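To start, I am sharing the structure in question, which I have written as structure tokens.
The chains carry the letters A, B, C and D, assigned in the order they are written, with residues numbered from 1 in each.
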Amino acid sequence: MNNALQLKNVSKSFGEAKIIKNLNLEIKKNERHAIIGPNGAGKSTLFHLISGHYKLTSGKITLNNDEINNLEPHEINRKGLARSFQVTNIFPKMSVYENIRCGILWSMGFKYSIVRLVNGDKKLNEKTYSILEEINLKHCAHIPAGLLSYADQRALEIGITIAGGADTLMLDEPTAGMSNSETERAVNLIKQISEKRTLVVVEHDMGVVFDLADRISVLVYGEIIATDTPKKIRENKAVQEAYLGTEDH
Amino acid sequence: MDVILFTLFNGLLYGMLLFMLSSGLTLIFGMMGVLNFAHASFFMLGAYFAYQISKYIGFIPALFIAPLIIAFCGAMVEKYALRRVHKFGHVAELLFTFGLFYIIEELVQMIWGKVPVGYHVPEYMDFTLFSMSGMGYQAYAMFTLVVSIAMFIVLFSVLTKTRAGLIIQAALTHPEIVSSLGHNVPKVFMLVFGLGCALAGLAGVLAGNTLGTEPSMALSLGPIVFVVIVVGGLGSLKGALVASILIGIVQTTAISLDYSINNFIELIGFSVDIESLWRILIDLTISQIAPILPYLLLVLMLIFRPRGLFGNRDV
Amino acid sequence: MINFFKSFSTWIIIAVIAAILPLIFDSSFSLTLLSKMGVLIIFTVAYNMLLGQGGMLSFGHAIYFGLAGYASIHILNGIGEETLPYFPTVLFPFIGAIVGLFFGSLVGYVSTRRAGTAFAMISLGFCEMVTAMTLIFVIFFNGEDGIQTDRMVGPEPFGITFGPQIEIYYLILFWCLVAVALMYIITKTPFGRMSNAVRDNPERAAFIGYSVRRVRWQAFALSSMFAGAAGSLHALNYEHIGFESVSVVQSGAVLFMAFIGGAGHFLGPIVGAIGLTYLDSTLADVTEAWLLYLGLTFSGIVMFAPGGLAGLIVMHGPIARTDKKLLISLIKPYCLAISSVITGLIGLIGIIEMLYFRSLISKGEGEVVIFWTEFNANGIMSWLIFIALILVGIFLSKKTFPLAKESWDHAISVVKTEISNE
Amino acid sequence: MLNKFFKIFLFTISLVYFSSAIKAEDTIKIAIIEPMSGPLASVGLDLIEGLEFYAERINKAGGVLGGKHIEIVPYDNAMVAEKTIQQLRKVIDEDIRYVTQGVGSNHALNIIKTLGKHNKRNPGKEVIFLNHSAVTTSFTNELCNFYHFRFDANVDMKVAALVSQMTKDPSIKKVYLLNQNYAYGQSFQAAARRLLAERAPQIEIVGDELIVPFGKILDFNPYVSKITSSGADTILTGNWGPDAARLITATANSQLKVKFYTIYAGIPAAMNSMGVKISTFNPIVQVTEAHENDPSHPDWLKEIDKEYMAFSNKSPYADRQRFMIEMFAAAVEKAGTADPTAVAWAMEGMTARGAHGDVYMRPDDHQMHFDMVLSHISTDVEKTFIYNNEDYGMAYVTDGWVDMADITLPTTCKMKRPKK
């Protein structure tokens, strides 16, 4: 019962098309788990299913042994699961500081209050700055988030994701579109923030995946064909044929 | 039996008018996401242009020329105004057309005055074609029916059989697809908007003379158009047709029902004896609330089945 | 304490000016107008909680404004006929607020699942339904006649009867300040911040633990509550409420005010409410084409300045903060551009006025007064003059606008480099 | 920035304030509050033009009180009830003591109520309301007021005239009532039911319908079919605007032969929008105070009509505006002062010349009484109707006159009068 996330017989269809087929997956507490697979394998759909964005066609998902497959996204988030998106998803008109602060509000019990003010709250302020420090964006706290560079925006999104204090993080292609040095910075950031958290990451960059992950699952056409340590995955024949092999061509 | 047939036929006549009015907006809204608040204004412009043209060269030329002019106007509105607003999102587009609605209404008053103009049914179609249970049907009404059915058939076959139509169809269900096909999206949008407006204009040409051509007609017709496209389903021509006829029949039937809640209560053997506010509620007959029914339908539809009768995606 | 006064200095100045105004303009009309402005400021700022803060475009917000008005009038009449116990007139906005909150929560619950155009359509559907009902349920709404009342009921504490318009003005002023201050504070609360977050990115807002629908619903209900308070004051101001007050026309008017003033900024709707109320009451007597000008202005703002008037001003904030000289350097190109636009506008207005005259009035020799000057609408000369003005305006604009844009671009690039150097 | 805005605001408001403070002493001003913008603007503008014409005639003939002129001052209410109140307050500010209005009974009601409060709270500053077209019966019944005078017949009187004419036509056996579901339509319905039962018990009411008003109904065919199956030979309706035009058009298009008895369905704008064929397919009978083609139309009125035509390029339509201004001028002369209270006393029980005998202001309720003419639209007329130089090709033909006595109804008015 050490699983942070558990998926049992999960299926998802859009009309006739079955995108996820009877999928089973276990993600252990505090591990870094990567999901890889060719384009169109259903990785993003899988993320959307876990985070409540899409509803399951059949199956069951549990988060820390609680069933979450019938909950709304915000309810799942409150249970301790946070995620980032493939396309940068921040509040572009707000300042960097405010982006992070919004991410913290719920976890600090502010709820939908209309009687408390956010500006004067010392604890909130401190927490916000501590997260800004963690993601190295303290220097540009008061610039509108939309004006940041792409890499900084991705970092900010990770910041929002961890701000709510979730213990399970899901990152959707966190290094896509970054230069080598930016990728390196991002990987370090991810390593640092996932030290005491469970991490699920979808990534295309194999270097990043093998550097980061404790375990890897390979998703091909809606089915997991293997789940194992990086080393064993590298040696797995089926995986090489289905996925890694194609990379060599 | 006679009554039912008769009610259905009246409902069909009215429904086809609604279909002509709203089919254009279904195309525009489905493909571009633009909820054109001024759609009924183009309908009104159609009626006024037809009035002006038929005064000089007759009704049949007006039937072709007026929609063409409207198509041009619509295309220009899209090209020089809507395209500009597009980047601010659909709500901004809606806001713009809301302003446009005011502008067109005032322009019409500026050019044609504020009193109704004398736009009449052409004489050669102003005779009774046949009668049914004592009520005569004018040849012109049948002409309108034929044109509207022809319009549906032509539109439907263009959309399902031709290449251009297939692209538009694709765009209706998956708006993001068009750009990936490598087509000139702004041009497609301009044409669709122009075409949609022209359809509204054609409806104006055909209906202006029986409804009365006056500056406030856009305001009174505007909201019903939204009802049709929402109930029918986003971007579905078939849906618009079914929804129009449905609303037409519902309204026509409701008007012929003089029953109130009170009648019903009495029917099952109770009698209610209340004075005051609620009395009027239970005495209200279905025929009196008939005009509210479409809006009730709209609200219920958006709440319970936002994709409409035949739509593939939510509004 | 000093800080407190500093941050509220603008507010205090406005309050003092507003309190002095009726001493200068003591005619009953000016007082009615000022009172109307106060009421509409509350209504518009409340509306902007939806449009500007929450990103929801409603065509039916007058429902809550109007229904609260109807409720207040009925209660006032009830007190007058002594069928209802006395309720202090001063506290009437509470009645409106409760009515607004009730209906807002009800309608909001079913309509806030989606934002954008779907929301706009639902709001329009509700508005059409309620307007139709006001005409059908005569017993409560009294049809198109509406209901009249006498606000002088009950005891008269400190000799205040609320009969004279000036007493109503101060009542409205008081509640206007309270309501606007409350709504301003709400923007600084967790709910207010999340309201903006949901507007900008509902998907992300859901994944930081907030129910998007709940935030929208709450915004809708609160906005309706303040709109209701405004409706009560409106009823007190005119001692009358009619079906226009719940109709699409009233909803459209508040949309115009909020958007033209500037939905993106808290002060925008206030500017819009004051400006449009004033113009609506004075320009409408001068020209028949007032609605056309309003429609043109609105569409122009949507196209060229989606931030509204306040947006245009706020846009220059960073420049002013960086270097005042930069701002001053903008004045000259701006003046040139604006004056060329005005030249064209004068021509356009002249043409519109003459067209209106010809189609609507068309009597006598065709003398029509435009800009305090008499023109002949049937003579070719006046048409030529105005057409020439339009052409000159367009010509000048083509010259001056690139200049203005250049100066703006220059100024903003200076600001950008300043920021990145920091 | 905001302070600057306020300065500009202050400046402009003061400009308007001072410019309106200029007063002319040698005129008697009558404020007219009507829609000058929005959908009903043409109605408002035509009425203003008419009043200006009739006032100008008085002025040309030497004015009143030895040379004082009557000046008409227009105010726009845009058909918004609150704006009427607002404009009325402006009128009071500018010390104009007479106000007239007619389009929209809800606006008239607001004026009556607001002036009622004003006149009570400000003795010596009374303002008189000269109501030229608002027809809600209660204004001269339970809502009657010493400072309100109505120069048009009220709904009940008009229905009484219609019913009186109907009794003269033996072919009318079955009547269908169809009205708009709001205050005016409901009062028309109630009056029609009552008066038909009283005066024409031989006529059977075969249908009684209330419809949603203001052009919301696009398709009248279902109503026509209901009327057809009811076997009615006459439709008695208070409908106006598109609600009337679409009903009549639908009836004509389905070849249903009925008679229409109406108040506003045949007004000039409506007959133009329906066109000759539909307007004359069924007789559309309406009740007015006069019309140009009446055989008994007096010569002096024909002269005035001709002048009006030259002034406005329109055929005259509302003769009540003429006798309102004439009676007002005579009342001012009789009172010897322009003080409203004195003028009101003078106007009570006064008579003035009308198209068919004298018109009479009943003192009990300040309701004008006069003979009314029933007419229907026809192309077979001497003078066709002309509007802004456009010839409509048709006009009204007299069906008969109803005597003042037949439409004099009891009033419930208990008027409180000030001291003389």
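Just so we're on the same page, contacts are C-beta pairs under 8 Å (C-beta built on N, C-alpha and C of every residue); 3 or more make two chains touch, one makes a residue touch a chain.
For clarity, every value in this text was computed on a predicted model and none was experimentally measured.
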{"item": "Chains touching both chain B and chain D, listed by label", "value": "C"}
{"item": "Distance in touch steps, counted as few as possible, from chain A out to chain D", "value": "2"}
{"item": "Between C-D and A-C, the pair with more C-beta contacts", "value": "C-D"}
{"item": "Greatest separation from chain C - chain, by CA centre", "value": "A"}
{"item": "Chain A and chain C: spacing of chain centres that average the CA atoms, whole Å", "value": "43"}
{"item": "Averaged-CA centre spacing for the pair chain D and chain C, given as whole angstrom", "value": "35"}
{"item": "Intercentroid distance (Cα basis), chain B paired with chain A, Å", "value": "47"}
{"item": "Between chain B and chain C, centroid-to-centroid distance (C-alpha), Å", "value": "31"}
{"item": "Numbers and ranges of chain A residues touching at least 2 other chains", "value": "none"}
{"item": "In chain D, residues with contacts to at least two other chains", "value": "41-42, 181, 212, 214, 216, 388"}
{"item": "For chain B, residues contacting two or more additional chains", "value": "109, 113-114, 288-289, 291-292"}
{"item": "Pairwise chain contacts under the document criterion", "value": "A-C, B-C, B-D, C-D"}
{"item": "Contact set on chain B toward chain D in their complex", "value": "6-7, 10, 13-14, 17, 109, 113-121, 123, 126, 128, 131, 133-138, 140-141, 210-217, 219-221, 224, 248, 251-252, 255-256, 287-292"}
{"item": "Parts of chain D lying in touch with chain B, wherever the complex brings them together", "value": "39-42, 181, 209-212, 214-219, 221-226, 228-229, 242, 245-246, 249-250, 253-256, 269-270, 272-275, 277-278, 387-388, 392"}
{"item": "Sites on chain D touched by chain C in the complex", "value": "1-3, 5-6, 9-10, 12-14, 16-17, 36-38, 41-42, 45, 49, 75-76, 78, 80-83, 85-86, 89-90, 92-93, 104-106, 109-110, 113-114, 117, 121, 136, 181-184, 186, 212-214, 216, 311-313, 388"}
{"item": "Chain C - residues contacting chain D, complex", "value": "10, 13-14, 17, 24-25, 27-30, 32-33, 36, 132, 135-136, 138, 142-146, 148, 150, 163, 165, 234, 238-240, 242, 244-245, 249, 267, 271, 274-275, 278, 281-282, 284-285, 288-291, 313, 360-363"}
{"item": "Chain B - residues contacting chain C, complex", "value": "29, 33, 35, 81, 84-85, 88-92, 94-96, 98-103, 105-107, 109-114, 223, 226-227, 230, 276-277, 280-281, 284, 288-289, 291-292, 295-296, 298-299, 302-303, 306, 314-315"}
